[in-house]
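Both complexes below contain chain A, partnered by chain B and then by chain C.
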Partner chain A sequence: MEADSFRLLNGVKAMMDSGDEYSVSGSVTNRCYIACINGELSSAQMGQLYDEIVRMAEKRELRGVIMDLNGLAVLDSAAFCVLRKISGALALMGLKSAWMGIKPAIASSLVDFGADVDDLCICQNIEDGVRLMSFQK
Partner chain B sequence: MKTNGIELEKEILDQLPAIVLAVDKNFNTLYANNAALTFMGSTPENVIGKHCYNMVRNPQCKTPECCIAQAMADGKVHSIRSEADGGTGNRFLESTAVPLKDEKGEIVGGLEFVLDITQKVLDEKKLNEQGRTIRDMSTPTIKLWDGILVLPVVGVIDTNRAQHMMDSMLNKILSSNSRAIIMDIQGVAAVDTAVANHLIKITKATKLMGCECLISGISPGVAKTLTQLGINLGSIKTKATLSDALEEAFSMINLRVITTEAKQ
Partner chain C sequence: MAKYCKNNRVLEASAKLLESSTFELNEENDQATAVFMTREIAKNAGFNLADEVMVATAVSELATNILRYASCGRIRVIVIQNGDGRTGIEIGAEDKGKGIRDLKLAMQDNYSTAESLGLGLPSVERIMDEFEIESEIGQGTRIRARRWL
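Let's turn to the complex of A and B:
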């Protein structure tokens, strides 16, 4: 009986762990990685997202990363900070980054809580983003 | 008709179209006028001395929201609005309860009178609807060119309107994939710190949607106030007139206006 419940507990734990696992879905076009960020992410998943994008940037010799936020219904300050950090890290690595598909509700809530959005690079669609990336500064 | 005494008062109360109901501290009915009896569909014998909540059966009955209970608890006047299904469609009722006191001023019960405010509520609804229509009319986001939107602002900007302007602009940007939006504030007579903050917020939000916001038509008075208030609009692109702003917007989407030769 005890062994059963122990196994059950382990199973649940494994399931929860695998639920925490996060892999970015996305594709590379023109040396630009388009990362689709879907659903609300826990802080652990946000960390994984950060690692994954930065690792990808190094491995694939990218020119820039477009973060597609179309799948996000809400964006809290913690998630916003992580996304900003990703942009900052990419800039340090010499890559350009652009945010794409911010919803009206997210835009108004971001300015309402006074997020620093001044130096962000925003694009409306992939075509835009890729063009932004290919411009030499 | 009696001419004096308690009977006369009772008759007057009975002819009142409003429901009048008096109860003691345990919610036993002491008095119900004719309108109340009609509402409950009962006779005086079946009502007097019985618990009021067994006959009225309002959603508020026996809950802390019951206004008679509130009035008896703190000795003040309480009002509540409710919706009841009468024979002729939904009626809106406003119940007001006051505590009944004896000679010593101690609360011995409660008195409730109910007014039919259906017409008032309908008028309020109509007023709200008209308010919404005016608000929608006051924030028209117009597509001026492929990729260029314009929002002419006339009148006073308050927090509500600024929020509505922002929502309307952001949704329009999303649906039209616009690159530039011009906010023409020529019709705005006065600007204070709050309004300036709203304008800054709006420009930031539109930028987050991938659309540059230009402000045109800042009048001398408004410009003077803004500088005197010490508000820094440095991050916002401002142009003198709508046509200047339009030219700037054209250059943003790589268009240029040229003069063609006159026709012979």
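Let's turn to the complex of A and C:
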């Protein structure tokens, strides 16, 4: 590997070790849990995300979960699959879920891998999402 | 060794190598590094944000497959230039895993031996302008794909 790439790579490693590259943080508004999903997610981290969100949904008296994908760097088919699984599990628990903040670049890769998005609830902002959930339940 | 090429066209041998980075894939974190670095490399090569994300998505798919089906391997991301001076990114993914029995099937939408979406390889073919995959049972799998600026 060239020296430059190698330096850069070490920089990335340092950043990852400090935990900057991945985080899911959340807050609750109007009985909706808003989960912010950031960075490049590996499959293991996606599994963690699933556990975290589903556990969260169980704990509180929630109406639904809004998954904020605005900070997501890349969404491949494995990550998409996990997000779908989260929405499916939430539905079985009687909770609504909405995907928020899909950036144009992510949208075009979703289109490119031919993901089936017809039955997903997509919202543009938190108000929009909260409103959708209040009406639907 | 079985081979499949997008539009039945093999990759031209004449592309000039400008810069090359190799990412070894042994565990989950290696995938995130490869994806992050690919974005940097694509950005520096002049790709716009949407294209940068697409190329990184292709790397993510190939890395997922290597870790899932071959357990380890490597991905090389190369900045290249063709005879007309056009810049591109070439992704090379290789592993010494179990190989793919039927390439035609594996390249079809929704075909998966892992009961997952089966959209990885076909999406990489769609994202990239040029794409070829070679595989042999018990020997491994090699993919090379290019996207031009």
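We take it that the second predicted complex is superposed on the first by the 112 of 137 C-alpha atoms of A that agree within 3 Å, B and C clash if a C-alpha of one lies under 4 Å from a C-alpha of the other, contacts with A are read in each partner's own complex, and residues count from 1 in each chain.
The rule is short, and it goes like this: contacts are C-beta pairs under 8 Å (C-beta built on N, C-alpha and C of every residue); 3 or more make two chains touch, one makes a residue touch a chain.
For clarity, every value in this text was computed on a predicted model and none was experimentally measured.
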Most chain A residues touched (candidates chain B, chain C): C
Which superposed partner A:Pro104 touches (first chain B, second chain C, both, neither): both
Partner chain in contact with A:Ala44 - chain B first, chain C second, else both or neither: second
Which of chain B and chain C A:Cys81 touches, first, second, both or neither: second
Which superposed partner A:Phe113 touches (first chain B, second chain C, both, neither): second
Partner chain in contact with A:Cys123 - chain B first, chain C second, else both or neither: first
Touching partner for A:Met56 - first (chain B), second (chain C), both, neither: neither
Overlap of the chain B and chain C footprints on chain A, listed as residue numbers: 104, 106, 108, 112
Residue ranges of chain C touching chain A (in the complex, touch as defined): 19-22, 28-29, 31-33, 35-37, 39-41, 49-50, 52-54, 56-57, 60-61, 64, 67-68, 109, 116-117, 119-120, 122-123, 126-127
Residues of chain B that touch chain A when the two form their complex: 163, 166-167, 170-171, 173-174, 177, 179, 201, 204-211, 235
Of chain A, residues touching chain B in the complex: 99-100, 102-104, 106-108, 110-112, 117-118, 120, 122-125, 128
Chain C partner contacts - residues on chain A that touch it in the complex: 1-2, 5, 8-9, 12-13, 16, 21-22, 39-45, 73-81, 104-106, 108-109, 112-115
